[in-house]
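In what comes next, subunit A is part of two complexes: it sits with subunit B in the first one and with subunit C in the second one.
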Partner chain A sequence: MDDLIKEYEGIIPGKLLEDIKRESKEQSLIKKQVKIVLDKVKEEYENAKIDPGEAIGIITAESFGEPSTQMVLRTFHFAGVAEVNVTLGLPRLIEIFDARKIPETPSMEIHLKSEYKNDPKQVRKIASLIKETKLEDISREFTVNLVKSSIEVSLDRELMRELSITPTLLVDSVQNSLKTVSVKYKDDDALVIKSKSPEGELSDIYRLKEKAKNAHVKGIKGVTQVVPVKTGNEYVIQTAGSNVREVMEIKEVDVENVLSNNIFETAEVLGIEAAKETIIREAVKVIENQGLDIDIRHIMFIADVMTATGNIKGITRAGITSEKESVLARASFETPIKHIINASIIGEVDSLNSVVENVMVNQAVPLGTGLPGLLAKMSAKLEKEDKKKK
Partner chain B sequence: MTDVFYDDKFVGNVDNPQQFVEQVKEQRRSSKLPKALNVYYDDLYNEVYISTTTGRAQRPLIVVRGGKSLFTEDLAQKLRNNEITWGYLVEQGVIEYLDAAEEENALTTLSEEELTPEHTHLEISPILLLGLVSSLVPYGNHTNPVRLEMGTKVYKQALGIYTSNYLQRYDTDCSLLYYPQIPILQSFMYDILDYAKHPSGQNVVIAVMSYEGYNMQDSIIINKGSIDRGFGRSTYYRPYIAEELRYSGGLVDEVGIPDKEVKAYRTEADYRYLEKDGIIYPEADVKADEALIGKTSPPRFLGEVEEFSIAASTRRESSVVVRHGEEGKVDMVVLTENEEGNKLVQVRLRDERIPEIGDKFASRHGQKGVVGMIVPEADMPVTSTGIKPDIIFSPHSLPSRMTVNHILEVLASKVGALSGKYIDGTCFDATPEEELRKQLLTLGFREDGAETMYNGITGELMKVRVYIGNMYYLKLQHMAANRLHARASGRIQLLTRQPIEGRAKGGGLRLGEMEKDCLVAHGAALLLKERFDSDKVIVHVCEKCGTLAIYDEYRKKQFCQKCGTGTDITPIELSYAFKLLLDEMRALNVYPKLILESKY
Partner chain C sequence: MDENKKLNFNPHDHVLVPKHTKISEEEKQKILQQYNVSLKQLPKILRLDPALQNIEVQKGDLIKIERKSPTTNKAVVYRVVV
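== the complex of A and B ==
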């Protein structure tokens, strides 16, 4: 039986072979029957292959373009779970395919290790660990003392206790994030911040005050909101703000299941394949949310194109369009003069291998019926060669 | 202390604003102050505004005092007997006009039963919440507001008698409907409007059913017999104007049959209808591009004398010709002069428009559609009493649009047609459905309006009963004849050698970027190439330097301007637009070299 299946390796994908192996064992099929199954699968697999010369790029573009015209009408809708707002709809789709460095609403979906994920109390505790607390969040008032050129921060004791922030921890972390200041804790729940550098300008102290407000106290930088959400029978932490690297360092977190919607961050921390999956996941999320139906293979194709170079390239003139081989194709898509002049400087040759160039010069495009050429044995000499001899 | 403003100017203070405002109102009601004066107390800012300026929209309301309407049954009776007038009621302070500001202080209600002591006014009729045209839609309270609005929109596009003196007028793009009728189902607004003097639709028999699939997606099917009897016919008028303009240097335009020497002379046949004065005669049957008014103009620039021209005259032809794609009969010719004393010739063309496939029709409920098929009368379905519908309307147009009034109109008009009465369909105040059903039953029909029908083609009895009745239908401005457009070859642009754009100029229909993508997606490469062949040219390319060479057709010689005659010169096929791009690049000091290769 295994020999028979081995014969089909390379003809049918491994995943399908495994499925057949398992199923035929379960159904206790005999060799003859398995052979029939394999042949049928092979036939179907061959049928599913795309023909040479099929214009998959344009079909993908049309498959996206048509439904997204309907999406325009429903733009600027936000949706999300419990207080975490997430950009969706056309703006998000544009954001993904343009490969913007930072999404408008970065967010994460953090799954926890199996010991913790079913206990709401534990989950809430972990969530509070992740949420970033700034000095501003636990203080009542910021007062500038011009005489002593210091800043006094009156603290909210209750909040501090709730977030389990001790005075020592507070002093340390404020010291760390502000660097060139001395931080002192006074007994009456106040923090005195004083600049170490000698008498500066008056505006410096105000600038320091603004800086002090944003001083990092606790939690993970960039994560502004945390909401534990029950999905199925486990609890998942949804966040606003994304910081994959630091979240993965928390020991309770299931490292394999930290999902960020920031493509570039994912690429940096987890590599380009993860970024590709992120693009697919995020695009599918938008499309499903809008109730549209676009085949996932179109999205996979776009994600492949965007990440093929190892870097993330958007579908813009700076992104994948600049990768095109043909000068004319590049020139026909935004900033033509730039491309023509640059091509003339280095003497680029356009061999008219793709669609746009051939449309421009009014030749058959190398796709579909325009793709096949004719090979023939020439018994007579070409006219031109005859002329040359004369 | 409350500030008082008179026409936005501060005039003084009052201690008791409410009382003050009441006093002003009382004085207005008793005609001591003008009826156009309005007073408004703003309790938020504690200010009183009195306005007498122009430009404020006012609307009439019945005054209510102590929860009792001042318009008593006694007054109503007198009004019915024509003993008193509207003016009298306004004079007596029974009805007063409020502006937008004073409305803020008023509490109104729609019906007399709802009145409480707090109310200050009573609406004259609930239909007043609709506009003029929306109140023409019968049973307007039985429809989706979106459709009500579409109904009004469509009403404005309906053909009819738009003015009584249309024969004396020279309106552009106007039509006149033959045999316009007043609807069986009306609202009271039809009387107020004097609708009978300028009706804009016709009463037809409509069957709600499908027919061979030709009334899909809002299209309708029309009975050929109805068209032959005059349904939906209209005349389309278009005026043409020519003026003898004066130019500097004493030069003038000249109306007359152009001389053959004249520049841009058309063919002799184009001028055949012109009389000696150069103007066409009435009732001439003209086709597109034929001259209506012969005219020549002086040369555009003074001193534009062509050196090698033998002809003495250098005048240009500038006749007024029938628009591209249009035709008709000359309806009227007017010879006059304009304010500047220039000779002015006006010619009006008339064209009979018989309903054809693609013409747009609509009911008064925003149910608009184009004609999908015109069926011979013999093939139309027929009821047991021998009634053949004029229009077959698709039932799929009803449920999603929720235009219940469309269904009610069929029922109401059927009752009206059978009993020879006009039915009142005024919004909120119409003849109730139960009443209509009862009447229909007593007239000997099924109360639900459905009837047994027979297939007109096979004569078979239809398995279901069909909802059939009368309706008022409008023919809309948009006619297929005004939109129809196609071309094979024709004028091209000078620069790109591509076909020109626009229906009026006989241009092409552009196969644009997205259409191109469609052909590519289908892999139809050679079809795509053929579509873009409109500007193809054969150019000769020097294989040595890769630029365009010259081929002398006359001497059968080819040479490259740069490399001389010794090089290989090959003809290739290109789109002219690309040749233009190469030329433009050369103008940018970029040298685009063509490297030729055998295609096979």
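== the complex of A and C ==
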């Protein structure tokens, strides 16, 4: 039986073969019957294939267009796990396909190594390592001393102990993130920050105060919220804010399973193929959340187009449209005058190979039956006609 | 990209990264002939792509990528190094 199914490898996709294998076992089919099934499936599969010259881009656009008009009606809703808000719905979909550099609500899904992922206590501890702590978070008050032109920060000792921040660590990290200041720790739980440039203006000290509030103390930069979530039988840490590279350096984290919703960051750390996967994952998430039904093949196709150049290109005039070879095709999308003037300055040639430019010059488009060129053998016919004349 | 080298893990191990392999010159011609395409028409991958950091590649090499696909289990695609 397995041999028979193996024969069809490469002719029928693996997933269908698996289905057939499972079903035929359940129905206890004999070899002859399986053969009939396989042939039938092969026929159906061949029929379902897209014809050469089919305008698949338009089909994808329509498949997305119709459901997304539905989406506009219930847009701007937030949803997510516990306290982490995630943009969903049409705004998120636009964000993905426009390939915005930083999403509105960046987030990560961090899986942990197997020895930690089942213990809620450990998970919470790791989560607190990941969350960014700023100076503002562990202080009670910021006081500006105008005479000494310094800032005194009174600290919350209990919070510090809870987060296991020692005075030396605090001084070092504040020094690191503010650079041009001297930082001292006083015994009565206060931090004195003094600017190194002696004669500062009054507004400088207030600016320094604002900067000091945001000074990085501990954790991973950019991660503002962490929530351990139980999914299945393991704990996963959901975050608001994304910084894949630094998270991967924490030793309790399963480096092979850190997922970010930031497409560009994924491309930078893991490469273009991972970015493509992320586009698909994120788009599917939105669509499923909205209860819509768009075939995944359309999403895969868009993701392929967006990553075809090795970089991520959005579906915008700065993205994939600028990659088009034809001047007229580019001009037909947005800012036509700019494209046409630039093309005429450098003397660009349009070879009218694609669809849009042929519509513009009123010619048959190379699609469907318009795609193949016909070569007729004229000589035989001409000979006959010649004979008739004689 | 240089910063990436500091990372103590191989992007290849990550769940999102499919298997990348370099295709030999001989096989490359065979594939191009089989699909009747030129290198210019294929999708591209940057030479500095993190997923290629353990493979020695040059401009014009063909990379075979074996993706897991929700529709066909395994899908093979090719990218040209640029």
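As a convention for this text, the second predicted complex is superposed on the first by the 330 of 390 C-alpha atoms of A that agree within 3 Å, B and C clash if a C-alpha of one lies under 4 Å from a C-alpha of the other, contacts with A are read in each partner's own complex, and residues count from 1 in each chain.
Definition applied: contacts are C-beta pairs under 8 Å (C-beta built on N, C-alpha and C of every residue); 3 or more make two chains touch, one makes a residue touch a chain.
Everything numeric in this text was worked out from a predicted model, so none of it was measured.
Student: Check the residue A:Thr266 against both partner chains and state whether it touches subunit B (first), subunit C (second), both, or neither.
Tutor: A:Thr266 sits against subunit C, while subunit B stays out of touch.
Student: Looking at the overlay, does A:Glu256 come into contact with subunit B only (first), subunit C only (second), both, or neither?
Tutor: So A:Glu256 only meets subunit C here.
Student: Kindly classify A:Gly368 by the partners it touches after superposition: subunit B alone (first), subunit C alone (second), both, or neither?
Tutor: The first partner, subunit B, only.
Student: Of the two partner chains, subunit B (first) and subunit C (second), which one does A:Ile94 touch, if any: first, second, both, or neither?
Tutor: It touches nothing on subunit B or subunit C.
Student: Per the contact definition, I'd like the list of subunit A residues that touch subunit C in the complex.
Tutor: Touching subunit C from subunit A are residues 13-15, 18, 245, 248-249, 255-259, 266, 268-274, 277-278, 296-297, 300, 304, 307-311.
Student: Please output the residues of subunit A touching subunit B within their complex, sorted ascending.
Tutor: Those in contact with subunit B are residues 53-55, 58-59, 61-62, 337, 340-341, 344, 349, 355, 359-371, 373-374, 376, 382, 384.
Student: Which residues, counting only subunit B, touch subunit A once they are in their complex?
Tutor: 516-518, 520-526, 528-529, 532-533, 535-536, 568, 573-575, 577-578, 581, 585, 588, 590-591, 595, 598, 600
Student: Using the touch rule from the top, collect the residues of subunit C that touch subunit A in their complex.
Tutor: Its residues touching subunit A are 1, 3-4, 7-9, 11, 13-18, 20, 43-46, 49-52, 65, 67, 69-74, 79, 82.
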